[in-house]
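Same chain, two partners: chain A is paired with chain B first, then with chain C.
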Partner chain A sequence: MQSNAALEYDYSVAKLFTYTTILFGFLGMLIGTLIAAQLAFPELNYLMGEYGTFSRLRPLHTNIVVYGFTVSGVFATFYYSAQRVLKVSMAESKFLMFVGKLQFVLYVILALAMVVSLLMGFSSSKEYAEMEWPLDVLTVLVWVLWGVAMFGLIGIRREKSLYISLWYFIACFLGVAMLYLFNNMEVPTYLASGGLGNIMHSVSMYAGTNDALVQWWWGHNAVAFVFTVPIIAMIYYFLPKESGQAIYSYKLSLLSFWGLMFVYLWAGSHHLLWSTVPDWMQSMGSIFSVVLILPSWGSAINMLLTMKGEWNQLTENPLIKFMVLASTFYMLSTLEGPIQAIKSVNAIAHFTDWIPGHVHDGVLGWVAFMIMASLFHMAPRMYKREIYSKKLMEAQFWLQITAVVLYFTSMWIAGITQGMMWRAVDEYGNLMYSFIDTVAVLNPYYTIRALAGVLYLTGFLMFAYNMYKTMTISRKLEVEPQFRSPMA
Partner chain B sequence: MDIRELQGYASFFMTIFLVVILYSYIVYLYKSEKKGEKDYEKYGNIALDDEITSTPIEHNPKSQSEKKELNK
Partner chain C sequence: MFHWLEKNPFFFAVGVFVVIAFAGLIEILPNFAEASRPVVGLKPYTVLELAGKNIYKKDHCIACHSQLIRPFKAETDRYGQYSLSGEYAYDRPFLWGSKRTGPDLHRVGNYRTTDWHENHMWDPKSVVPQSIMPAYKHQFTNIADIETAYAEAVTVKNIFGTPYGDEFQPTKEAWEAYRPTVLAEAKAIADDMKNKDVKEAVANGQIPEIVAMIAYLNRLK
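Then we have the complex of A and B:
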């Protein structure tokens, strides 16, 4: 152990994951924009043979943005903020540093294997769990290493109390570990049959309705423990730190935490409304989804009230703008989700474009905004340079806000139109519209969505450029900024 | 009563039980602070004062550097 005088936080692992966040963010959003354009202009499906079709690229898009971009962002912000709230440096333990770096190496191998295998068409056909069994085994290894680093750091901490962000990071770790294992219980057919078929292939250990239930228990909680819980961990650290204001109510943060943990796990069955699962379970999914508004808004309101008396920062600091808007989109998204989970609303909304509309106001407005804002906050501390351009950040903000609004408004209209047309019957009870009628009506909204994708992707490129310039040529800082991030 | 009905009742009563626990937790949080036993709001400063040289809000007695300090 070194003496305190020479001791500094070590950001080498956080930096590595920052690079993968930017790389996979670009790749995932590029593919997302391409497949959005394919829905508007179907001829774009035939650019690269079987590798360029919507069906092949859609799981690639979701997996890259979830497990490439978001999870990298979670690891980067964890390795940055956990040291600081525990007041212990990674440099104090050679073992933990080794674990962190090994986790990064295995993670990169896993992510590349995921991209290649999905592009080749290897898929378990479970939504958001498409990776085949060898990759699942590697995922478990990467996750366990993260756990070792997390609890290892906690073990050598100087600060006795765990800050609320760490509670959320721990919940992310435990929640994903439990759900991922249950949902990916599968039998590799090659091994089970004594050498028949493809070694990559597997079948689920569950069947029929049970399989669907376990799948959506995972599917919805991927939203909970990857898109919500670690992002709340980020905002609980980065918003107070950037604004210089302590959390409005620490008690409310604790209460919202337990509320969220208690309620979220039961809401997954709202994905299976009007299906073959028992009716009481569907009702339970609906009710718990509506109750979810309380802990979600508890966190979001707590974040907004943190800015109490300091709202001038919203106009002065674009980073605060990103974080406050992220919190606002979290509120919008967590109100919209429960509305969609009400059985009667779901009868119209299910399988329509309103669902990806809902998902994207959450992921573009909440998840990606918060990850980009966190990395912007981390950059001057990690690279000891000021942020390259405030103007560019402002422009990025307005471009991406426009993109998010265009995305979800077009999908709201498209979704409701689609749902109503599918249900419309004439006086004899015959369906009034065929499927292609809906496609023709929805085409303009798909075009607007593709445009939104182009705008958001452009904003992300501006973010990547700003980060690159910050890392390389921006003005050097003599002293680490305490609160507000310096920018030129 | 078949298994599905049992599962339904089990889910209902477990929900009630967990709601009671959650509300008891709220009461506990506010009561313990009112009595002066706890001060939860001070933990908010962990994020603000997070230099490695900062004094921890609550020292961890198990920390290696703390042990060194004590042995001096």
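Then we have the complex of A and C:
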């Protein structure tokens, strides 16, 4: 290929993962909304017999959102942006194209197996690592294929310097690989007992407190390397691309990247405060959680300052609104997290609804917003059509913002209320409330949260519809838009 | 240096890996020998209890119930003695949970009975009128997978040295020989229950999930 000819990038793999992002996003949020409603209206537990209880569906919700929606979004944006920042097309290597497509096929098989096996109750009961061992093996395979595609593309790159987004994608690949492998070390009982019992069953390599340590080293850093690192990769690529603004500061990106890498892993033990884990580890977890504000806000501030002098775009382009709001929510949840990791606050917050409240500011406000914005940006370039409707996008934005605010405010109140009631004592030092009192009081907040779920899900359907129309009937584009995505 | 790293992906990746792996080495490894020691007198789970633990995992009770009593007066008043690391030495995986939509269960065996659990799992509202927990009626009809629980006991005995007796061997014959012991344990629980179908199943050599579940919950002390 001549060096001055424009490259024709190949988006076939990116498109495939775009479809699964939308599909699993809908499914994960639908189940999320259902289980939120079950807490307010317990009769909803009986829709599907033993497969429809809150407890059976909760891991399904988290796993579909993490491994279905978010990871699909990561793959889609990677296969889109990596080609562009490396200045090489997937079409140039038959091998990499094959790897990408194989990865997609195995990924879909894995995701379906995950849904079925979790519904059937095959679960290791380690949070966000519930999949049983045969699925873990398949996960490793999918992940390794992604690594091959990533380093393969890097190997044949024309642009010598790796762009910031790629730093984060590489970190996501390595971090998840290390954490997932160690946390899912398990012994299949069928193989170790001469063929007795169910082949799916396994026991963890670690017991009790050690298992807890490894699990939350994973659990917390799954948040780091799935919900944070690759999402930062997205915003570093898509915000400058959509706004036409250069990243505010290279030095700030360096500081935030290496800072985040170093600090994040220490913070895992903040999930185990006041537990049987040694005190010094709890303190380390607490301290590093607070230090973590620095690199987190570093990235977020770098994003916001990228818009310096161009804030008018916020009123003109709803996609910029999505991205700026995402980085704002990133700031909110990376401030809220450290607050909850302070030992005295954690004593009240732990085990309450404030924790899911915190997670959801992050995933609804930051992760999902950034993924949807990225896919919106990619659509006109991948399908060579303008975005179907700006009005719909605006409406979606405001609907989902309302949903997120309702979600976290109701869960803040619910969590702190419950935490305070658990410890309330009367003048003689006796507990004031029985446990069930602290459940009954939450009903209004659970109802508000369920409503928030319905609103957010509706917004997501608007997104899916807008994307579908963009792919199929929207006006065709002659030339690829350079910055701002065209929309009708 | 950073510019150089950005042009050399291999060294970049190595650098990232070292920086992220560092914390794990320092925080996790030193604890391994210390924390895995059982408290004095701790017995491994019986096969029936293990089967119950697996149902606890299958129905994912961990979504709403913790098994970790923190060292606060409000918690020890409500649930009993705060939890000790050595009490979990045979818990693979640990089941501390991260959310208390329902109460902690680490010592539920101290203050709830077989009868209470039977009523509660069949219809939570019958014992706790404001409860939002779903009924788990399917546990009264589903048959527990005892063989897998036996396989688990054999596995942890052979690989992790969990102190199970010599009768635990990785063969079909050993399992068949052990089966009556589990049935006898199940029968003792079924005798305290009133559900006719459950009693009948146990009499016929089948153990419904609820029996194993109650054995496990009674064990939590």
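What we mean here is this: the second predicted complex is superposed on the first by the 481 of 488 C-alpha atoms of A that agree within 3 Å, B and C clash if a C-alpha of one lies under 4 Å from a C-alpha of the other, contacts with A are read in each partner's own complex, and residues count from 1 in each chain.
Convention: a residue touches a chain if its C-beta (ideal position, glycine included) is under 8 Å from a C-beta of that chain, and two chains touch if they have at least 3 such contacts.
The model shown is predicted, which means the values in this text are computed figures rather than measured ones.
Undergrad: Could you classify chain B and chain C on chain A, in the superposed arrangement, as clash or fit?
TA: fit
Undergrad: Touch test for A:276: chain B only (first), chain C only (second), both, or neither?
TA: In the superposition, A:276 contacts chain C only.
Undergrad: For A:170 in the superposed arrangement: first (chain B), second (chain C), both or neither?
TA: second
Undergrad: Looking at A:258, would you say it contacts chain B, chain C, both, or neither? Reply first, second, both or neither.
TA: Both partners.
Undergrad: Name the chain, either chain B or chain C, that contacts more residues of chain A.
TA: C
Undergrad: Return first, second, both or neither, reflecting whether A:160 touches chain B, chain C, both chains, or no partner chain.
TA: both
Undergrad: Should A:422 be classified as contacting the first partner (chain B), the second (chain C), both, or neither?
TA: second
Undergrad: With both complexes superposed on chain A, which partner does A:247 reach: first (chain B), second (chain C), both or neither?
TA: Once the two structures are laid over each other on A, A:247 reaches chain B alone.
Undergrad: Regarding the shared-chain residue A:42, is it in contact with chain B (first), chain C (second), both, or neither?
TA: The second partner, chain C, only.
Undergrad: Quick check on the superposed pair: does A:447 touch chain B, chain C, both, or neither? Answer first, second, both or neither.
TA: It touches nothing on chain B or chain C.
Undergrad: First (chain B), second (chain C), both or neither: which does A:409 touch?
TA: Touch partners of A:409: none, neither chain B nor chain C.
Undergrad: Determine the nearest approach in Å between the Cα atoms of chain B and those of chain C after overlaying the two structures.
TA: In the combined three-chain model, chain B comes within 6 Å of chain C at the C-alpha level.
Undergrad: Shared contact residues on chain A, chain B side and chain C side combined as an intersection?
TA: Touching chain B in the first complex and chain C in the second, residues 160-161, 254, 258, 262, 278, 281, 284 of chain A appear in both lists.
Undergrad: Which of the residues in chain A end up touching chain B in this complex?
TA: Listed in rising order, the residues are 1, 4, 7-9, 83-85, 87-89, 156-161, 163-165, 236-237, 240-241, 244, 246-247, 249-251, 254-255, 258-259, 262, 278, 280-281, 284, 483.
Undergrad: Show me the residue ranges of chain C that touch chain A in the complex, using the header's touch definition.
TA: So the residues of chain C in touch with chain A come to 2-3, 6-7, 9, 12-13, 16-17, 19-24, 27-28, 31-32, 34-36, 54, 56-64, 66, 68, 70-75, 77-78, 83-103, 128, 130-136, 138, 142, 145, 147-152, 154-156, 158-160, 170-172, 175.
Undergrad: Can you name the residues of chain B that touch chain A in the complex?
TA: Touch residues, chain B against chain A: 4, 7-8, 11, 18, 22, 25-26, 29-30, 33, 40-48, 50-54, 56-61, 63-66, 68.
Undergrad: Within their complex, state which residues of chain A touch chain C.
TA: Residues of chain A touching chain C: 38-39, 42, 45-46, 49-50, 53-56, 58-59, 121-127, 151, 154, 160-162, 167, 170-171, 174-175, 178, 182, 187, 189-190, 192-198, 201, 203-215, 217, 254, 258, 261-262, 264-266, 268-269, 271, 274-278, 281, 284, 288, 347, 350-353, 355-356, 422-425, 429-431, 435-436, 439-440.
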